[in-house]
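Two complexes are shown next, each including chain A; its partner changes from chain B in the first to chain C in the second.
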Partner chain A sequence: MEIGEDPCGHRHLPSPKPTALFVLVFHFHRTIDEISCAAPMSKKVITREEWERKLKDVKIRKEDMNKLVMNFLVTEGYVEAAEKFRVESGTEPDIDLATITDRMAVKKALQSGNVEDAIEKVNDLNPTILDTNPQLYFHLQQQRLIELIRSGKIEEALEFAQEELAPRGEENQSFLEELERTVALLAFEDVKNCPYGELLDVSQRLKTASELNAAILTSQSHEKDPKLPSLLKMLIWAQNQLDEKAAYPRINNLTTAALEDPAV
Partner chain B sequence: MPASAANNRPEDLTARLGVGAGAAQGEALLKALREVKNQIIGNKTKKLLYLHLGAVPKIVSVLAAAAASPSSDSGGISRGGDAAVIVQAAAAIGSFACGVEDGVRAVLDAGAVPHLTSILSHDDEKVVDAGARSLKMIFQSELAPKYDVLQEKNLNFILSLLDSDNENVTELAASIIAHSCETNEQQKALCDAGVLLRFVSLLGGSSNQKDGCLESIAAVIKNNPEVSSRFSCTGNGKALNALANLIQDRYPHTRLLACKCLIAVGHASPCYVEELQIKTKLVLVLVELLEEPGRVGNEAPFSLKTLIADDEELHKQALSVNAIEKLCSILQMSSVQARRLQGILLALAELCSKLEKCRCQLMSPQVLNLIVDALKHDCMDVRVAACDCIRNITRSLKNLSAGCLSSEAFIVRLVQLSHDPSTSVQIAALGALCNIVINCATRKSVLIKCGGVSQLVQLSKSMDSALRSKSVLALRNLMFLADITDKEFILKELTLCTLASLIYDSECSIQEQALALTSDLVDGCSQSVKHVLAEDSIILDAVMRQLQNASSIGVCIQGMFVLSNIAAGSESDKDTVMNYLVPPQTDSCIPSFTIKFLQSKDILLRVASLWCFVNLTDPASVGSSRRVARLQDAGIVLQLKSMLNDPCLDCKLRARMILEQCMELETAQA
Partner chain C sequence: MMINQEPAGESIDLFRLASRWRSGAEWKKIVEEMDSEPVPSHLNTINSSGLFQIVSTDKMSVQYVGSPQHGHDVGVVQADYPAPTRRLAYYFEMTVKNAGQKGQVAIGFTMQHFKMRRQPGWEANSCGYHGDDGYLYRGQGKGESFGPTFTTNDTVGAGINYASQEFFFTKNAKLVGTVPKDIKGPLYPSIAVHSQNEEVTVNFGKKPFLFDIEGFILEERLKQQAMIEKLSLQPNISHWIVRSYLLHYGYQDTLKSFDLASENTYPSESMAQENGFDDQGDMYALDHRNILRQLIKNGNIDSAFQKLREWYPQVLQDDKSLVCFLLHSQRFIEYIRVGQLAEAVSYAQSELQKFFSVKSYVDLLQDVSGLLAYKVPVESSVGYLLDGPQREFVADAVNAVVLSTNPNLKDADRCLYSCLEKLLRQLTLCSLERRASSEDQGEAFCLHRELQSGGRAKCS
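So, the complex of A and B:
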């Protein structure tokens, strides 16, 4: 998950209306089992009333949902929102919220193209992260090179590639290939439209920032991905499984979680 | 900013570090330290450069001065300043100790460990974190000093670390234990001090802490039945349950470490992990971990191999969860790391060691080609693993004769590997060759054509007894059922003189193989007997000498097989053997071994000896009645009669057969 906007300005909590959605995920297992016992020839049709009745029978604890929300806020780094949510809902985060601020400062530096600053900050946070994670270190150095190329400092870029990146390429074949792709940017007049132009895209910064964010979380013994997206993935998977066996009120729009009437 | 860039040159920065004249002070020193730290983290080239410039002792002296500075107690700004210097210096030292052996050495030589240890009791938590992280880096290296926990002072120190609330400190304690605990006494001392209990309680903590604890638990229980069973009984099996839960942990690395712990418990005290259910689960988890990227995927095959070693039941389990398919699909990925490749090949070798079904799964040409390619790998360990794998695949006679592995290039490659600079590769290659040449005429001729025989002969004269043993075994297998031209060729390369000296080798196992080679030479081929008798019977004399010395049962058995194979030959061959076993002069007593072997407790030795007499009393041979008379005189017939009730059926039948042949000869004469 990548967050493109600056999270610090948030005042509103993402309104959690996910009841139906979670109920679905938790409920599906049983439903699939029940249906698979039935005759496989014709699809069973489940009406909206029946479906809603079944959903109502499933109980989800409020605290569990709050924890999921807190987990999302903490992992994605919405520190102010997390703090507010803690006060309002009484849900304790599983990590010191102060560490989120540090992590977000690192991420922000990287997202605004200040790679050196990000490296110094992460080294202050925990000096072992980049020392034990050569791939991440390489990607940060690669990002530095990209920023130099972006700002047109060609000579500096060449020198940096030679002094800092070439030795990493010698240590690892896949780094060398990535390095070659990056240096190729220097060969084009119109870098934005050259074959490797996507390296100059904002998405490349976000990719590197997300990798760094994950590494910091891992060093803090925190999961690097929030649980909410995996629950949504599970929902989609479960619906796909169920589609083969039954027609039922499906959720097609994840943001509204509206139940669509089954097509008969 | 060219000005500041120039100031940040490693030479200038190093000059500013240190204590005393010329060194930077206060804020400038802090800045220099931080700059060095940021330059070296993750950057091996820079680390080496600064090492070369002598930065490490300077940074350690800064740390020492700052840690000892009395201002750290006076409060206020200076205290914060000191703490910041300590944190930066400790972080830089830790980074030097990470990933570069020379760096660890420099850090140790500069005496960093005591200073880093002293800051672990600092008031400022950030200083403690920095010290603990830095020491942890150092103790992850093999070069780090070992803490002898048998010394009370050391043990107390480790226990105090373990009691800390700071996770970095408890992780450090775990690293020190994993690094230092080696002997049974040390394991017991740690266990007595309650370390295992503490680890079990820490298993509930963060994932980094869990991993550290699991590594240390494995180190403390490894190969120690007493400690291992005490661990297993901890809290009515609570500890074992915790491990069993952790093999399903969310994190692959934690799962792997928990598996390693359970495997260690299983090996040290089998009764606690004997249930097949747990082992089946371990197989399942480890097979899944094979596909993990990085360190976990690299180490998983090694653990899988250790778990299923020599256990046919577990081989079947692994087969049933598609272990071989998974291993093969990883093998087929592009650019597999050496460590991983080694593990995969070793796991495949283990799986192919017993079950034919497993071997059959490897018979696809793509997979075989990849294994054969691994014979050429740059890394020695991979070459050894590939040889082991081929050796075990070719244990199957079916695979051997199916000819999948008969490509000329591949045998040539193995022969080349028998000259490898590494002895372990040589031994592994010979192991594979032994199986490959055993029962296939085409492969024998490929080996002979590519100069393999002279290579094997050369190795049979090696100073290394393992090489001698394997090369003689390979020659023996090559000789087995070879045709007469090949036999003649092998013998010509080997020479009678070398064969004789191998029969006299200092190692019993080599004597045995050399004698077996001799009996394969003579087997079914009366033309070869002349070689055994050539050059003043140099070979036969050697055989007799070893039989008289009777140094090991195996040697005697093979020696008697040589004699019985010769006795299967012509009239004069039989007489030669007869003269050795029962000398014609009545006054000289028969060699003591003949009767002794017939009375031996070893079944195979009795069988081998009986076969000699079966051949000597062959009724179709004209001299047999003369020989029977001599056997009678020497008291051997009496001994044979006593063997009619031998507990071994084979012996009983052979003894009866000989006596019947004797009777037949007597009646024919009468």
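So, the complex of A and C:
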């Protein structure tokens, strides 16, 4: 309901007219607000001593740091290091370590260009991974085609493209474009220097391998990325956020974690 | 016996590590207290306009009695506490049981000293979504066109998104809209009735909300995460930080496997040079630190003492130092663990007794000697002393004092904290300080909670 409109439907004066004094007070308040907003010197300064004292009071649990490190080892596939760390620190991994070994075997096969072997290993691990990920499956097949082209098996490559990949391309426009880009490699004598040469790069293998790695982790209901890099980004973000409110000792170099004196 | 005696000057303050000497239950409490604040649960029956509405005995619903005459006989009722702020968002709902004569019901937020006979949003520093016109009022004379009207059997909700600094309103489980939150200070969830027979009930979360507030919060969190994920890091920095952690604590076997596995991907030495990473000093006494850690980890405290005496006699020179205290306590604990109570008692008399003269040890000593009082010490309140983390804690303290013997040590903090820990401390403090300077609004970072929410979906 509109202000000043009473329940009986009559309009009447909404509120007392502001007196001159009221206006003055109001104006005064605004001026104070404007000053405090505009002046950058109002930004709070937290000295190094004060900051260090507060840092001491922060409570971080050793077990939690160990978990963070274990999570990194496990997610990045350092299976032996994870096993050693379990013994040395008493930290339990959040995933069955045996599954890392399998996951790393798949990754390794793919990284060395052995796509068929990688597909077989994934299916041994969990056949639903590829069934439920048509895009991943397409990328694996595309990688297989790339490997055939790389090793100069032209006829085999053509046959494979026409029989295995083209039907999938018909289902999906973006698959088709990627297929065309890949097949275009065949049109060049010097494939390394052709416009699509990047497909033959090791980075393409790594890209496919990391997509596969992520899909396997997801299928094991595990996060596909380690937490540590996110926390480091969070630190950068939190520092930027606090910059708006205060001048305080920042950490600009994450590898030394040294506090810089606040800029005053 | 002298009391109030403090441990003789040690080069590093191990007491900073001693803050880790806590049981799992204590940690849980710390985490809970970090964000604890009163939460609205009922309607406030004291601070109300009083004349126009009655609040039900369960303090969950309001009815307008009598017939209103003008714009100054609205019945506003606030919640018993202001909306809690130490979170990403706050939300509550109201269901209109009866729209009465005119359906002039409203939901919103007001300050503590709001004029309770005025609609939320009519006066400064308040805001309200009104049922009769579907307008939103934000402290100015006129409302703005906002959403659908609401009437009998409709459920509407009002919330504050602290991350985006917005109010948001819902109707029958659907988000109606958001408006900037430009009011400072504690805000009370408020409802208003203003025509005969109007009746509404509130839900402060005791019952499930109609609106999917969990989904709303998750979405907001993902937005924030996506923003954070866009930031870029120095390449391989995580790898380096993990490596320096293993070095710092002397997890030597892990380190060897880690280096071996990453040989091809990240040649550690060239990487350190390329990126200017500095790991000097962290290699110090690595073999010794690893051996000492293993001994303590296996409960072999006598051997740990022996090795320390042999390699670093200076750290045991002061027999009342914290590291001596921790090792002797651990020896005692190990006797208890294997049920050698007689040995435990005689060890306490010969080795632990002297520490009672040091005031700062007394609390810890009481916990330790308390183990004797229980038939099944593991199940007692001091049972945490028998857990693995306690051995690890003692091993970490020994690791720190050994690091402190490094003649090239520049920064004493380096003995206590790994690079990872310093970064996590900075992150925690920055987020706490940001919240403190934003009227206590929003979530603060807590590593423990972050790790527990393991299933938290990631934005892909």
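Everything that follows uses one rule, which is that the second predicted complex is superposed on the first by the 216 of 264 C-alpha atoms of A that agree within 3 Å, B and C clash if a C-alpha of one lies under 4 Å from a C-alpha of the other, contacts with A are read in each partner's own complex, and residues count from 1 in each chain.
The rule we apply is simple: a residue touches a chain if its C-beta (ideal position, glycine included) is under 8 Å from a C-beta of that chain, and two chains touch if they have at least 3 such contacts.
Since the model is a prediction, treat every value here as computed from it, not as a measurement.
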Q: Look at where chain B and chain C land on chain A after superposing the complexes, then choose clash or fit.
A: clash
(Q) Output check: A:Lys54 vs chain B and chain C. Expected answer is one of first, second, both, neither. What do you get? (A) second
Q) Is A:Leu212 touching the first partner chain B, the second partner chain C, both, or neither of them? A) neither
Q: Classify the contacts of A:Ile236 with the two partner chains as first (chain B alone), second (chain C alone), both, or neither.
A: second
Q: For A:Leu165, select first, second, both or neither according to whether it touches chain B, chain C, the two together, or no partner.
A: neither
(Q) Looking at A:Thr255 after the superposition, I want to know if it touches chain B, chain C, both of them or none. Which is it: first, second, both, neither? (A) second
Q: Go through the superposed model and pick first if A:Glu223 touches only chain B, second if only chain C, both, or neither.
A: both
Q | Touched chain A residues, chain B compared with chain C | A | C
Q) chain C: which of 3-11, 165-173 or 291-299 bumps into chain B? A) 165-173
Q.
Just to be sure I follow: which residues of chain A are touched by chain B in one complex and then by chain C in the other one?
A. 221, 223
Q.
Help me check something: in the complex, which residues belonging to chain B touch chain A?
A. 34, 37-38, 41-45, 91, 94-95, 98-99, 130, 133, 136-137, 167, 205-209, 250, 335
Q | Residue ranges of chain A in contact with chain B within the complex | A | 119-120, 123, 126-128, 130-134, 137, 164, 167, 171, 173-174, 219, 221, 223
Q: Mind listing the chain A positions that touch chain C in their complex?
A: 1-8, 12, 14, 44, 46, 51, 54-56, 58-65, 67-69, 71-73, 78, 80-81, 83-85, 87-90, 94, 221, 223-239, 241-242, 245-246, 248, 251, 254-257, 259
Q | chain A-touching residues of chain C, taken from the complex the two chains share | A | 16, 19-20, 27, 30, 68-71, 102, 104, 119, 122, 130, 132-133, 137, 141-143, 194-195, 225, 227-229, 231, 233-234, 237-238, 240-242, 244-246, 249, 251-258, 260-262, 275-278, 293-294, 297, 388-389, 392-393, 396, 418-434, 437-438, 445, 447-448, 450-451, 454-455, 458, 460
